[in-house]
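Naming follows writing order (A, B and C), and every chain is counted from residue 1.
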Amino acid sequence: MVRKLFLILAAAASALAINGAAWADFTVLVPSSSEGDGLRAAADDYSKMKGTKVEIVQAPYANVFEQGANAGATKSGVFDIILMDDPWIPFFAENGHLEDLTPYFKKAGLEGPDTDFLSKSLAICRNPYNTGPYVCLPYVGNAQMFFYDAAKYKEAGVDAPKTWDDVLKASQALTKDGGGRYFGYVFRGGQGNPVVADFMPIFWSYGADMFNADRTKVTIDTPEGAAAMKTFMALRDVSPKGIESYNANEVGTALAAGTAASSINWPNWVATFEDPSQSKMVGKISYSPIPAGTKAGSSEIGHWTMGIMSASKNKQEAFDFMLWATSPEQIKISAERGNPPVRTSVFTDPELTKQEKFRHYPVLMEAIQASTPRPRHPKWPEIENAFGIELSKVVAGTITPEEALKNSQAAVEEITGLK
Amino acid sequence: MLKPGKGIPAASLRLGGALEHWTERHLRYLMLAPTMLILLALTIFPSLYMFYAAVHKISPNPDLPWQFVGPGNFARLLTDAQFHAALRNTAVFTIVSVSVEFVLGLGLALLLDRFIRRLTFLKTVLMIPMMLPPIAVAITWKIIYEPQFGVLNEIMFRLGLPLQAWAGDVNLAMFSIIVADVWQWTPFIFLLMLAGLASLPVEPYEAAALDGASSWRQFWDLTLPFLKPVIAIALLLRVMDALRLFDLVFILTGGGPADRTKVLSLYIYQVAYRFADPGYAAAISLFVLFVTIVLSTWFMKRMRLAD
Amino acid sequence: MATTTLPTRSRTREWLIRLSAYLAILVALVFTLFPIYWIAANSFKFDIDIFAVPPEWLPRNPTLKHYDEAFIQRPFLRYALNSFLVAAGTTIVSVVFGTMAGYALARFSYPWQWRKQISFWILSTRMMPPIVSIIPLYLFFNYFDMLNTKSALIIAYTAFNLPFATWMMKSYFQDLPVELEEAAIVDGDTRWGAFLHVALPLARPGLAATAIFCLIISWNEFLLSLIITLTEQSQTLPIGIAGRVTQYKTYWGEISAAGFMACVPIVIFAFIVQKHLVRGLSLGAVKG
């Protein structure tokens, strides 16, 4: 019995010999999610068309940053292009992991990316923000939108929520009537990235920001910050128990299952809300830009952008592919595959906007144009973690809102060395 | 392997004889060598790297030199609130989950051993959880704990108990992680205890029964002492694994809420990769390694396991 | 073994004890099986039914959609094959070398009484948190151009399976009577021959138990695979599963389908070798 077992195992292990290393002209790191799937499909088209072999390397979303940082720090060149979430750009750029794209544009006879790209989409691709050289190109155009059940909101006496006060008014009424099983508002309260992502738009809507304009002072513990925190706490009080562990998925599910009336979320959920096998709310969810506080509402931008690793040995090939993949035709195909575009021409393409599944495009474009990027700092992951801990504590009620602002201010000062 | 086989000509047999003689003389070293070499190769480099990294500030920029900071990274351990939270959480998790797993595993093994010994099938069924990928286990429990749709709250509701946020509740989050871990790893202790019970000698029990000792006395005076080495091994292995808990927390809570479930592995992972500070991560790792080795050496001495 | 006789006080009491014991075992069974049933049930539900309130105890509207998504549209079969090859390779390396080392440590003496020290050192290598060795291992595999290969995973997994295998086998051999091997040597067999022909066959249950543990651990490992592997050439099942937790959505259905299928081979395997599992441990490791 044991001998047989070992024979089987040995046979299996010998199959290892067929470990054929795939030969490729260049390699792209993507997250294993809809952006990654989209770029993979585009890479297949490119291979067929140009006879160039593009290899796609993928990591779970939670690990893409780590893969990129590892490869960058060890100059390993295991991949040439990285598809990045935009808040990581300063980290990769300022630690010398990303290639400056200027010479490549020049070689192609271009000044830089064309003006059909949304200006906010291009701004994040430059480091420093909006002024420095291009270090990447935008590929997927995400920005948060406000999702709400218009019928329920109407019941609660709010027609179209324009401000956070409207949202609060409707949510308080709805949660009160919900008897603990239906809620007016729901948000991502999970420690770290989730809670920060859903707090920032409120923060900005009250005129607060993490740093002053020239990044020389931390400005969390300010009157504006306190106003935002007050609304955030009021929203927490109308949200379900347990949001302390919620991420985008739980928030989206609550809306799709019809157990919550409104939330901030990413546009990818539009398709899910309209799919009867995944949603009870088909045709019932409305979208709007982020509500206003004391200032105009601003959503958080969450683009996926492509950059070339400094350690790459196939930079020109990589650049050619990036230019091709972000061309108007390709961005349109990418949109059809389910990833929001980054170009005005695609956002306003009547062939798309007349389709039901793209009916959120005008709102999304407006949201992107009114968006704010997460603070551009190379230590953003660490800042986000520290801020996320304090926000998680205040959501869980273990510290007061004042303490949260004070602690966050101190923690971010400590990390950035700005005192 | 080294034995001359059928198809070998006589001449080389003699040579083979010399070889065999040499092999025979050094067998004690030859048999140990592959393991020693593999483990040396796989641990020496990481250890040296760790010691070296722990006294440096390492920039994520590969073009910048490492900056020597001496004990600076270790000094940070004293004031780092996140590290202290992680340390406390890891200690709570390890102590509670391993004790509960031990009591349940031993209890279940005793019950099965005494009441339904012949049902091997049943025993194997009870062992299934430890064979599942921890990542799948974590995700399954996440669905069960889900506060709005989860099955656990449905059961609470039916029983008329207050609904809970489980992994999303500051006070229940660690408890939820422990329950999932107990679910997965009690079977491991159970298996080792069954094996231990299966190898108990019969005579002492017969003698004890003749003396009229109660089952309880027999358990304390015979079973437990006989099982001591098994128990020691089981606890040692479980504690070593509990100290490196990662998957469950990574999926279920991400360390929250309010840092109540941040454990050391997760924190090291964040420091090393998210915050790109491998020097500090190495310092924390060395601390963990030091604690693990001190604890297990003490434990093994006490339990006389080294031999 | 512990055939303890019950104190003969009253039949009712004995009966009550028996009943509560069965009840306790039943509770344990339900607690053990329910989450597994729940993965299985969810894997056959449409997404909307996974989050039905109240929950659907049985899939009311069963579908194979998620199996199609995971195994036809996504390369989960490939991930499973990778997991299998890596687990098999690790198990062979660990068990073969671990058995030899375990035997040596159980039977031979070493100069300066180093046996104890070596045994302890081998075990202590398992204490190194895997998180610690990842950066150096990454550098190491990068240097040898082995990132994203199954061989790299096998090497990395061997680092923590080999100490375990050595210890299990060492305790097993320590419990085997040495006289049989001595008799074989008196009959003209070599020391190596005695190991191969006498000790090894006797140690079969121990080998089986050790192999099962190595298989389980490497089949399920997550952290190292997360860092070392990059494409479906080498990515393992746990990585495939984690990949379905995306930034926006968690694909519960696919995860349940893949998670459920991930346990099937290991559970079947466990039933095949169940006899060896308890026996292999009862003589060996558990004695310390």
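Convention: contacts are C-beta pairs under 8 Å (C-beta built on N, C-alpha and C of every residue); 3 or more make two chains touch, one makes a residue touch a chain.
Quick caveat, the model's predicted, so the values are computed rather than measured.
Steps from chain A to chain C, taking the shortest chain of touch contacts, total 1.
The interface with the greater count of contacting C-beta pairs, when A-B is set against B-C, is B-C. With centres defined as mean CA coordinates, chain B is found 36 Å away from chain A.
Averaged Cα coordinates give chain B a centre that lies 12 Å from the centre of chain C. Shared contact sites, meaning residues of chain C that touch two or more other chains, fall at 51-53, 135, 139, 242, 245, 250. Chain contacts: chain A has residues 62, 66, 70, 74, 181, 253, 257, 259 touching two or more partner chains. Multi-chain contact residues of chain B (touching two or more other chains): 146, 148-149, 278. Those residues of chain C that touch chain A in the shared complex are 46-48, 51-53, 65, 84-85, 88-89, 91-92, 95, 135, 138-139, 142, 147-151, 154, 204, 207-208, 211, 226-227, 230-231, 233, 235, 239, 242-250, 273, 276.
Against chain A, in their complex, chain B makes its touches with residues 59-63, 82, 146-149, 163-170, 173, 250, 252-259, 270, 273-276, 278.
Those residues of chain C that touch chain B in the complex are listed here as 1-7, 18, 21-22, 24-25, 28-29, 31-33, 35-36, 38-39, 42, 50-55, 93, 97-98, 100-101, 103-105, 108-110, 116, 118-120, 122-137, 139-140, 155-156, 158-159, 162-163, 166, 190-193, 195-196, 216, 219-220, 222-223, 237-238, 241-242, 245, 250, 252, 255-256, 258-259, 262-263, 266-267, 270-271, 274-275, 277-283, 285-288. Contact residues of chain A toward chain B in the complex are 62, 65-66, 69-70, 72-75, 91, 94-97, 180-181, 189-192, 194-195, 240-246, 250, 253-254, 257, 259, 379, 381-382, 385, 388-389, 392-393, 395-399. Touching chain C in their complex are the following residues of chain B: 1-3, 20, 23-24, 27-28, 31-32, 34-36, 38-39, 42-43, 45-47, 49-50, 53, 104, 107-108, 111-116, 120-137, 139-141, 143-144, 146, 148-151, 154, 157, 183, 187, 191-192, 194-202, 205, 209, 214-215, 218-219, 222-223, 229-230, 232-234, 240, 243-244, 246-247, 251, 264-265, 268-269, 272, 278, 281-282, 285, 288-289, 292-293, 296-297, 300, 303-307.
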